[in-house]
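Structure, as structure tokens:
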Amino acid sequence: MLETLKKEVLEANQQLVTHHLVTFTWGNVSGYDPKENLMVIKPSGVPYEDLQMKDMVVVDLEGKLVDGTLNPSSDTPTHLELYKAFPEVRGIVHTHSEWGTAWAQAGRSIPCVGTTHADYFYGEIPCTRRLTPSEVNNGYEKETGTVIIEAFHHKNPLKVPGVVVHGHAPFAWGRSPADAIHNSVVFEKVAKMTFLSELLQGEQPHRLDHHILNKHYERKHGKNAYYGQSN
Amino acid sequence: MLETLKKEVLEANQQLVTHHLVTFTWGNVSGYDPKENLMVIKPSGVPYEDLQMKDMVVVDLEGKLVDGTLNPSSDTPTHLELYKAFPEVRGIVHTHSEWGTAWAQAGRSIPCVGTTHADYFYGEIPCTRRLTPSEVNNGYEKETGTVIIEAFHHKNPLKVPGVVVHGHAPFAWGRSPADAIHNSVVFEKVAKMTFLSELLQGEQPHRLDHHILNKHYERKHGKNAYYGQSN
Amino acid sequence: MLETLKKEVLEANQQLVTHHLVTFTWGNVSGYDPKENLMVIKPSGVPYEDLQMKDMVVVDLEGKLVDGTLNPSSDTPTHLELYKAFPEVRGIVHTHSEWGTAWAQAGRSIPCVGTTHADYFYGEIPCTRRLTPSEVNNGYEKETGTVIIEAFHHKNPLKVPGVVVHGHAPFAWGRSPADAIHNSVVFEKVAKMTFLSELLQGEQPHRLDHHILNKHYERKHGKNAYYGQSN
Amino acid sequence: MLETLKKEVLEANQQLVTHHLVTFTWGNVSGYDPKENLMVIKPSGVPYEDLQMKDMVVVDLEGKLVDGTLNPSSDTPTHLELYKAFPEVRGIVHTHSEWGTAWAQAGRSIPCVGTTHADYFYGEIPCTRRLTPSEVNNGYEKETGTVIIEAFHHKNPLKVPGVVVHGHAPFAWGRSPADAIHNSVVFEKVAKMTFLSELLQGEQPHRLDHHILNKHYERKHGKNAYYGQSN
């Protein structure tokens, strides 16, 4: 079942290695089928180089196993919360990539200081609040989804396709597993370049002027976008 | 038409990958033919590994398509402004390379603190001013050229073959597309090493003494240059 | 003799190169056989690419050569002290890996600021005290073991499988040579990411909340661990 | 003539690429024959991948061409000054390697803060003074040798086999061209790790205790050295 989506999820997980986003098995990609209300996700703890189509795990929105023989990623409940709250999202990536994780460990949102950021993320990439002891002890992974959703109370998750989870690491997403991987690569690059530019500045780092943020985001994603080929 | 220049521009775009200057399609190289007053440039949004001779786009100085079937890079108007203002320049490179972009995002010129810099850039690499909202909303890419040209009001663009665009990223150029790539690689290396040396210093970073700047630039590019082989 | 353990130690030493943990011959891995009370260790100063089964050196707990024709690693007495003091440890890795060594040279313990750390190390990775002149001049390598053991006076070495040796470099360990290599890779990654997050913070860097430290460590290593596959 | 030394110098120059110490042609290695009082050095501006035995240039101590058809490295007079002043040195390496150059551009000696440094350099790696305008304008490359030699007035160049040239970049040396390359790699690694550890510390960075500096240097290079194999 869901052979096309399984293939997309498998390939997206393999791309984590290609783009140097993971160490050992520290990352996972899922994809969502909105017609069947089912999610395909990487099995927990399996090395990327060993992954095969038959290892992909299918679960429903309550996390019940629908297809597959392996345990799904332990982060499964976080992915499910996001698909339920963000109906246009079709792919989610979680990694402990170095620069994104540095921002998470610092408990900081990534400010928008350049056009590379503005080309993909319409404004700062928010950092969640900390989880309470009770949230950690009762459904930790589900509550990780809750604090992410809180951070997007006034944001469009497709215009800011990623988040910094406080003390943990990044999540990114998109309109497909491949799109989510693309946004993960951008996230990591932006996390690095913003780190570097902040070290070059003094007390009062610049923010990108709003008119440029707007221009760059719109020329790539707006109604009259003119980046790339029309086909 | 312009088969030789197309080949140079194609190869220079491929060199962006070789020298680790780009992520995805975040960079473009152009070349200029001063006899025909025509520019060859990378098509917008096409991956470097897919680029072929026939994909190269030829435009005139007003940006009108003269040859090719794809849209030219969205940065085309910036390249054209520079060729019009800097008559000896024959190749231009734009990237979002990590260290150069860090300086751009910090809104800072790169000071000359070492002989590696002095070997190629005769003094600091200037940072442009910010664009105004009106410049951003009316011909953004053309006005990006305007602020670069302003930053070179008292500078010879062939003696300082690159610029930091405020909040954006670097441009570099040269006497050919290959020469522009060469200067881009040096730019990125200098951006990194100057970043590092600044972190090692306190409040009052050194600048390279002017007599050494002069010596290094002249022994490589001056009338009596003695670096390399005479042939 | 000890052919299985020799093979494990040989492969673990080769993994130092695979994981970019060493320059030249600056690292060594050992394995311990608790039935025979014997240790297998890399020979001193031999490049990893030349290492063969027959080069592995076997010594007893007093460091006496039991099998092999080459000198054992000069750090042999440190390894032996640790096996004597930490009875469940079966593999030890010593490297001068870049980021771990940076913490050692700064004389600092690595605080736990994120879940990547918490997944493997239950709290901060301690830094030893400095050795006294007398310790350095009388059995330097043995005394290096002594100060490591001191740093674990109130710690379980299997719950914090690594240490920063003041002014020197990291040691990591585990339930086998392969497990020790795994922990070494994590150590280096955590050393880098904690460095980066500290630079992003001001005067009062965050520590990971204890309930999250606990949760992440337990979901991977506790009685009811649910990370990975049950088989 | 000097075929053995030419081969050593050729291979050492190629090693600059293997060890990621150079960009383009920004580095050169020489070797010295004390019987013939002749130096073999890389030709100026020739890419490492094109270098052949017949391209090696032989000059006497006054810099007069003795064998070869190409111009020697423009840094030839610096190498010659060092061979004349440091009679036991048989190989010299000059690069603009990133981390070493960062210290040069900061105008700082590299303090000894760890045992990796102590294993190869007996104390700090000194930074030269700046050259005066007159030194720059009259025999710049020769005077670069002069300020290096000044920095070693009270030092044994074989116990501290490298130097930071103010505003410029590192030189390292050794008992052969291969040994000089080895020391260059260590120099770069130490330059990076000392940079990192300094950023982790506050106002008063540690220095390595003298008894450990002594111990590490002596166990590798002293009369009773016990690192490596006796053969």
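So that you can tell them apart, the chains are marked A, B, C and D in the order they are listed, and the count of residues begins at 1 in each.
The rule is simple: contacts are C-beta pairs under 8 Å (C-beta built on N, C-alpha and C of every residue); 3 or more make two chains touch, one makes a residue touch a chain.
As the structure is a prediction and not an experimental result, all values here were calculated from the model.
**Q** Would the interface of chain C with chain D count as same or different, where same needs over half of all numbers used to appear in both copies?
**A** different
**Q** Can you tell me the C-alpha superposition angle of chain A onto chain B, nearest 5°?
**A** Angle of rotation between the two copies: 90 degrees.
**Q** Can you give the whole-Å distance between the Cα centres of chain A and chain C?
**A** 33
**Q** In whole angstrom, what separates the CA-based centres of chain B and chain C?
**A** Distance between chain centres, rounded to whole Å: 47 Å.
**Q** When you check chain B against every other chain, which residues touch at least two of them?
**A** Each of 198-199 in chain B touches at least two other chains.
**Q** Please categorise the chain-chain contact pattern as a line, ring, star, complete graph or other.
**A** ring
**Q** Where do chains touch, given as pairs?
**A** Pairs satisfying the touch definition: A-B, A-C, B-D, C-D.
**Q** Mind pulling up the chain C residues that touch chain D in the complex?
**A** My answer: residues 23-24, 26, 43-46, 70-71, 74, 96, 98-99, 101-108, 130-131, 133, 136-137, 140, 167-169, 195, 198-199.
**Q** Considering the complex alone, what residue numbers of chain C touch chain A?
**A** 113-116, 182, 185-186, 189, 192-194, 196-201, 205-206, 208-209, 211-212, 215, 219, 226-230
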